[in-house]
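Each in structure tokens, the structures are laid out below.
Presented sequentially are two complexes of chain A, the first with chain B as partner and the second with chain C.
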Partner chain A sequence: MIKKYSNAATATPCRKKYKIAYYVFVAIALAYPLIRFLIVWGYVNISAIWSSFTRYDILRDKNIFVGFLQYRLVLNKFINDEGTQKMLLNSFMYFPVTCFISLPLSILFSYFLYKKVPGGGIFRVIFYLPSILPIAVLTMAFRFAFGPDGFIDPILIRLGITPPLWFGSSTLTPIMIFFYCVWAGLGFNIVLFSGAMSRVPIEISEYSKLEGVGYTRELLQIMIPLIWPTIVTTFVLGMSSVLTVYLQPYFLMGSNSAPTYGRTISLDIFNSYSSEMQAPYLAAFGLFCTICYVPVILLVRGFMTRFFKDVAY
Partner chain B sequence: MVDRIIQKLKHNLKDTIIKAVIFVIFFSYAVSLIYPLFWIGLNSLKTKFEFLSDVFSLPKNPQWDNYTLALVRFKVTVGAGDWAKEVNMLGMFLNSIILTAGATFGEIFFSALAAYTVCFYRFPLRRALYSIIIFTLVVPLVGTLPAMYKFMNDIGLIDTIPGVMFLYANGIGFSFVLLYGSFQNLSWSYAEAAKVDGAGHFRTYFQIMMPLSLPFITAAAIIAAIGFWNNYETPAIFLQSYPTVSVGVNTIIIQVQRSSVDRNNYPLMFSSMIITVIPIIILFAAFQKTIMKNMVAGGLKG
Partner chain C sequence: MRRYQKLLCLLFCLVLLFVAASCEDGGTIDIPQDTPGPSDDVEIGNWTLIRQKATFPEGSQLRIKFFNGGYGRQWLDAMKEKFEEEYPTVTITLIPSNNEAEFTTLLSTTLDGTPDDIYICHNIPWERLAIQGKIMNLDNVYNFAIYKDEDTGRIIRFEDRIVASSRNSARFWNESAKKYSYYKIPQIHSGGGIAYNKTLFDKFDWEIPKTYDELVALCDTISKSGAKNDAGDTIYPFVWSNAVAYMWDSVVFDWWAQLAGLESIQEFLRYEDKNFFNPDHYPYLKQAWTYWYNLVPAHQNWSHPQSLAFDHLQCNMAFAAGQAAMMPATCWTANEIGVDVLEEFGCDIGLMPTPFVPDAKTDDDGNPIRVVFDLAGKDSIIVANKAKNKAVAVEFLTWMAELENSELFPANTNGLLLGMTYDFDKLIEQSNRTWEKDIFSILKTSRRFTIYSSSPMVYLAGTPLSPYPEGNYYGEAYEYYGDPTKPSRTPDTVFNSVWTMIDRDWDMMRAAVGLS
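Entry: the complex of A and B
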């Protein structure tokens, strides 16, 4: 049997000395990431949680404990403020867009790349292109293409269609932002799914071909169950975009001025923070959203992992 | 027999039609991704008036000067009062290069060592550690930006390049997951052989296992470098005195749309956008095969 890993317990020569060296190596190798994790993730998150229970006192020039006051303010805004409700709805719309449009499209594209569509290698590289370009440039290219000096409007005019104001209305702007997210976001997932599909043994595909299994059946009954763990992870990542997405609307709506119809949870935090005074409210706001939404992500993940068993191949 | 041949021909025809349709879809999507960049590149070589008169025409007299102008003319003002200074695109390039190089080295060095250790060494809480890494990667905590800003300020790393390098060089982030997946495909028998020859753990890693894993470490490094080069939010918030190209290009875009000096000088703006992406395109073109092969080999599974 081939040994796949090192084990301190099975070391024979000078066992004690080897054991010490073994754990010293582990400790040194993990020291920086763990210390950094404890500081940046642990300390910062704990101080953000603490901050959410305080308010900034100008007279004393420090934060004082106010219990759940900030959370009550957040809840009050969620219930009574129309702008906040619209912003929450905007954010939640990224869930279906990412998980039910972008993700299935990526799987479909990856599957046909796996099935060796002519030019597949070049297509994969081109599809990955948006993932390597700066978001400021890519969003500008997209926004400009649909702008009054861009190339979409003249084409539509030549076709006799009056172009709408793509980034100027409350109904069309969010759709354009979602469209951008799908357009620019496929490539990264395609590379991930292609990776998962390439590990599926070729014999399975050949056998299914001999049995006369069609594309739809092969994709749904063979490929998807075999790459399920990657789908689950990508789905969960897509779900978390509800909490994290902000640069796309930020740039597509012209950086500084974010109208209500394009606001998201993270964009609100990014745009609102300008002084120490706002920190407690923003911490409470972000944490409240996280507390409400993360259990949903974990539930969905738990539910999805039960669908198919992880198969070793 | 004839029936079987007909059936096979029908199947092949159906297969060809499906693949042709898919090819057309892929081609259209690929064109939609490339054309905007090509259009920007083309229009960056026009004069302002040439561009405004016809956005589709070829440049009559290519304005290569737009590129040299974009490098020195567009400036971002940082600081205030006596401390105010102007940084042009060359300065932004320098900031980006220093930041990207340092952060990539730190990130990959620590991520590779950590991924190798978690992959091949058995120690208490190893599985828990991996689960925590995946959990923090996929489940974000929102609202910690002010706390992070205060923390960086308190330790004196705000507005410093080493400070942002520290923020970037995670060690257990996306690079870790990529490298962990790749290390899983590497045989431990090489390390076993080195151990038999008397090599210690560090020597085994640095002289045997790391050189063997160089292709996927290179791929992870390039992916990380591209990410750091493109990152907007971290330098925009934590490195305001040293603007990077991705932060600067956004300021330039705003300048062209709003300022009175270069208002509507879109060709100049396009030149600065192209300048920003050129290093990435070169890096990606040079290592495209390595990146694709190793991204595909590593995969993502949580």
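Entry: the complex of A and C
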């Protein structure tokens, strides 16, 4: 299109004017995302990388190079500190929970909705509702449902079961947080997968029906390969939750000082940060985790893209 | 293949960056540590007001931005009203905010622009703002004459009105003058310890324990009595929240100070000698923690069964509802629960002086030393250097130091005090709630302390050094007690682990903040 207009633009002044207007339009359209990218991504990341090699000098009011010092402190923590190791393990547990529990469930429920099971519309609302409520409200509702004043404990007591400490035990609380993440995360994934499934040509579904293909086979051998790119993207996003999840444990554990068993990488950084003077260490901490984990994500992504070939439809 | 080339290129760049960065020398920080001044407050006596009152032109303004949190805003409303009455040409605008970031991470930028005049909040990074010249040097304010003691002829300056135990937390290094200068006014002073439900204590004839042994005996009595509250719930000796388990610091730090003495704690808080973390060299904090360990985790049935699960609010409500006789608390607890809520529950609460441990240090008369730890030491009042109404701001601060005006704060905050000295006898007489009377009595008879430190290991560190550098482990010690499948959280394992970490990382931790 650009070539067409640029060739034609030399012909008449009207075309020339049109060409300028076209470039102005493109520039305006690109300006916002570009500036946003430069500030939010470029500046923030470069600043964090720079900061991680410095310490704040209060007298000179600037950050000065200290080389690997902050990284050595971080590494030391990773190797020797039991609490940090527990926190890394907590964070890493979000990978199987998101990718091997939440994701398959989302695909399954999306498929049910795709097959228009009775009451599918209601289920769609039920699944999606947690995604549109503020996380503070949702976590509070979830937390209060379990406990002496909630509705779960009285039911258990009536059944003669002593209710456990849902959010006060180092064993059960992480499971409750994972349970919450699966429950609250389904809606978003279902929207993605429903969108992907609805794009699959109806003829394929009709043909497989005529051929007597059952639901399980249709899901595993037809639907999943056809929506594979969406699954890979969702899987990779799920993997990144290891580095990003913090609000769920923060709210579910009572906001103030998260006990060790619920700490995650992001939550630890969030809880620790109270002034810019702490930025160098925390930047090194975050970057070190990223440097270690991003290659794993890239490898998994590379591995997954080899499963099925992209199909255009 | 091209993708791998890109990846290799990126890795190569990163390695280059790492190498370049590691060639630099971070240098060292050269700020001498502040030395705490006199530890005794200037006692209120036969004082005459000599403060020179300033006059301001018609239409003068004062803008005060404050964190609208646990202390409420009634005290500021009362001060505004009285100040405007006395200075009819001045109008005060109060700007409440619930966004803590406006006073912490964002304040530095705000102070560069068109700031308000006075900021009141906790966790203001005032040390950095002071060095940057963004907040006002208050040396002149601290030097301001407020009263004259008619008996001794001594001039009582603003500095004398500030509680001695908070003065060093208001000073920071003034590089140009090569001395420590005042940059903030400590907003709060009070104390914490063990809150008790007076209604239940009266009903069941339980006595306030004076010693650790009496406290243990009381817990045993409560536990074995099977006492129930009006709603039929079992009354436990304690309720606490794992989400804010640091509330136990109010008790444990008191025991630490009883065992070690306040001077020893001041030495500890300089963070100049790593051996203070070695329990063999400095056993006091471990001893204090052990008393707590033998009281709480070792008696699992003495704590409300939901203590590990309760958040802060739920814990407060359980205490107000009479489900427990005692709760670790700080000065703001009554304000936080709310007087109306307490009245609704028909519950009167008080704060007991922390019982003496057996080997507490004694004073000259042979009595155990009475100390009180104040968790609320981080609240600050600062003046923006670019403030448009600096003169009015200074006038307001010095006006606040007048006895009558400073009393507006405790009159509106249930047992909290400005960081100034008070006539406790008068406050006790004026109080009509047990909580206030108890706190004022404790403050009258105790030496208050905070754990503020002017060490760069605290204000400059990525993870600020504290008496518990690896976390306080209260919750874990309680939960894991006697469970062989869980990590050990005994006093030995907790404090040995801290010492191992400090011993190993000390030099690196110092280097990271620029100490040689």
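Simple rule for what comes next: the second predicted complex is superposed on the first by the 285 of 313 C-alpha atoms of A that agree within 3 Å, B and C clash if a C-alpha of one lies under 4 Å from a C-alpha of the other, contacts with A are read in each partner's own complex, and residues count from 1 in each chain.
Following the convention adopted for this analysis, a residue touches a chain if its C-beta (ideal position, glycine included) is under 8 Å from a C-beta of that chain, and two chains touch if they have at least 3 such contacts.
The model shown is predicted, which means the values in this text are computed figures rather than measured ones.
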item	value
Joint occupancy of chain A by chain B and chain C, clash or fit	clash
First, second, both or neither for A:Phe167, with chain B first and chain C second	second
Chain B versus chain C as contact partner of A:Leu299, first or second or both or neither	neither
Chain A residues touched - chain C or chain B, whichever exceeds	B
Touching partner for A:Tyr43 - first (chain B), second (chain C), both, neither	first
Partner chain in contact with A:Val232 - chain B first, chain C second, else both or neither	first
Touching partner for A:Phe53 - first (chain B), second (chain C), both, neither	second
Touched partner set for A:Gln278, first chain B, second chain C, both or neither	both
Stretch of chain C penetrating chain B in the combined three-chain arrangement, among 93-101, 255-263 or 507-515	93-101
Set intersection of chain A contacts, chain C complex versus chain B complex	254-256, 273, 276, 278, 282, 284-285, 298
Chain A - residues contacting chain C, complex	49, 53-59, 61, 64-70, 72-73, 76, 80-83, 143, 147-148, 165-170, 253-260, 272-278, 280-282, 284-285, 291, 298
Touching residues on chain C, where the partner in the complex is chain A	7, 14, 17-18, 21-27, 29-31, 104-105, 108, 123, 125, 127-128, 131-132, 175, 241-246, 305-312, 314, 456, 459-464, 470-471, 475-476, 479-480, 486-487, 497, 501, 504-505, 508-509, 511-514
Sites on chain A touched by chain B in the complex	2-9, 21-26, 29-30, 32-34, 36-37, 40-41, 43-45, 47-48, 51-52, 109, 112, 115, 117-119, 122-130, 132-137, 140-142, 144-145, 149-151, 154, 183, 186-187, 191-192, 194-196, 198-199, 212, 215, 229-230, 232-234, 236-237, 240, 243-244, 247, 251, 254-256, 265-266, 269-270, 273, 276, 278-279, 282-287, 289-290, 294, 297-298
Footprint of chain A on chain B - complex, ascending	11, 18-19, 22-23, 26-27, 29-30, 32-37, 39-40, 51-52, 55-56, 110-111, 113-114, 116-123, 129, 134, 136, 138-151, 166-167, 169-172, 176, 187-189, 191-192, 195, 200-202, 205, 226, 229-230, 232-233, 245-247, 249-250, 253-254, 257, 266, 273, 276-277, 280-281, 284, 288, 292, 295-302
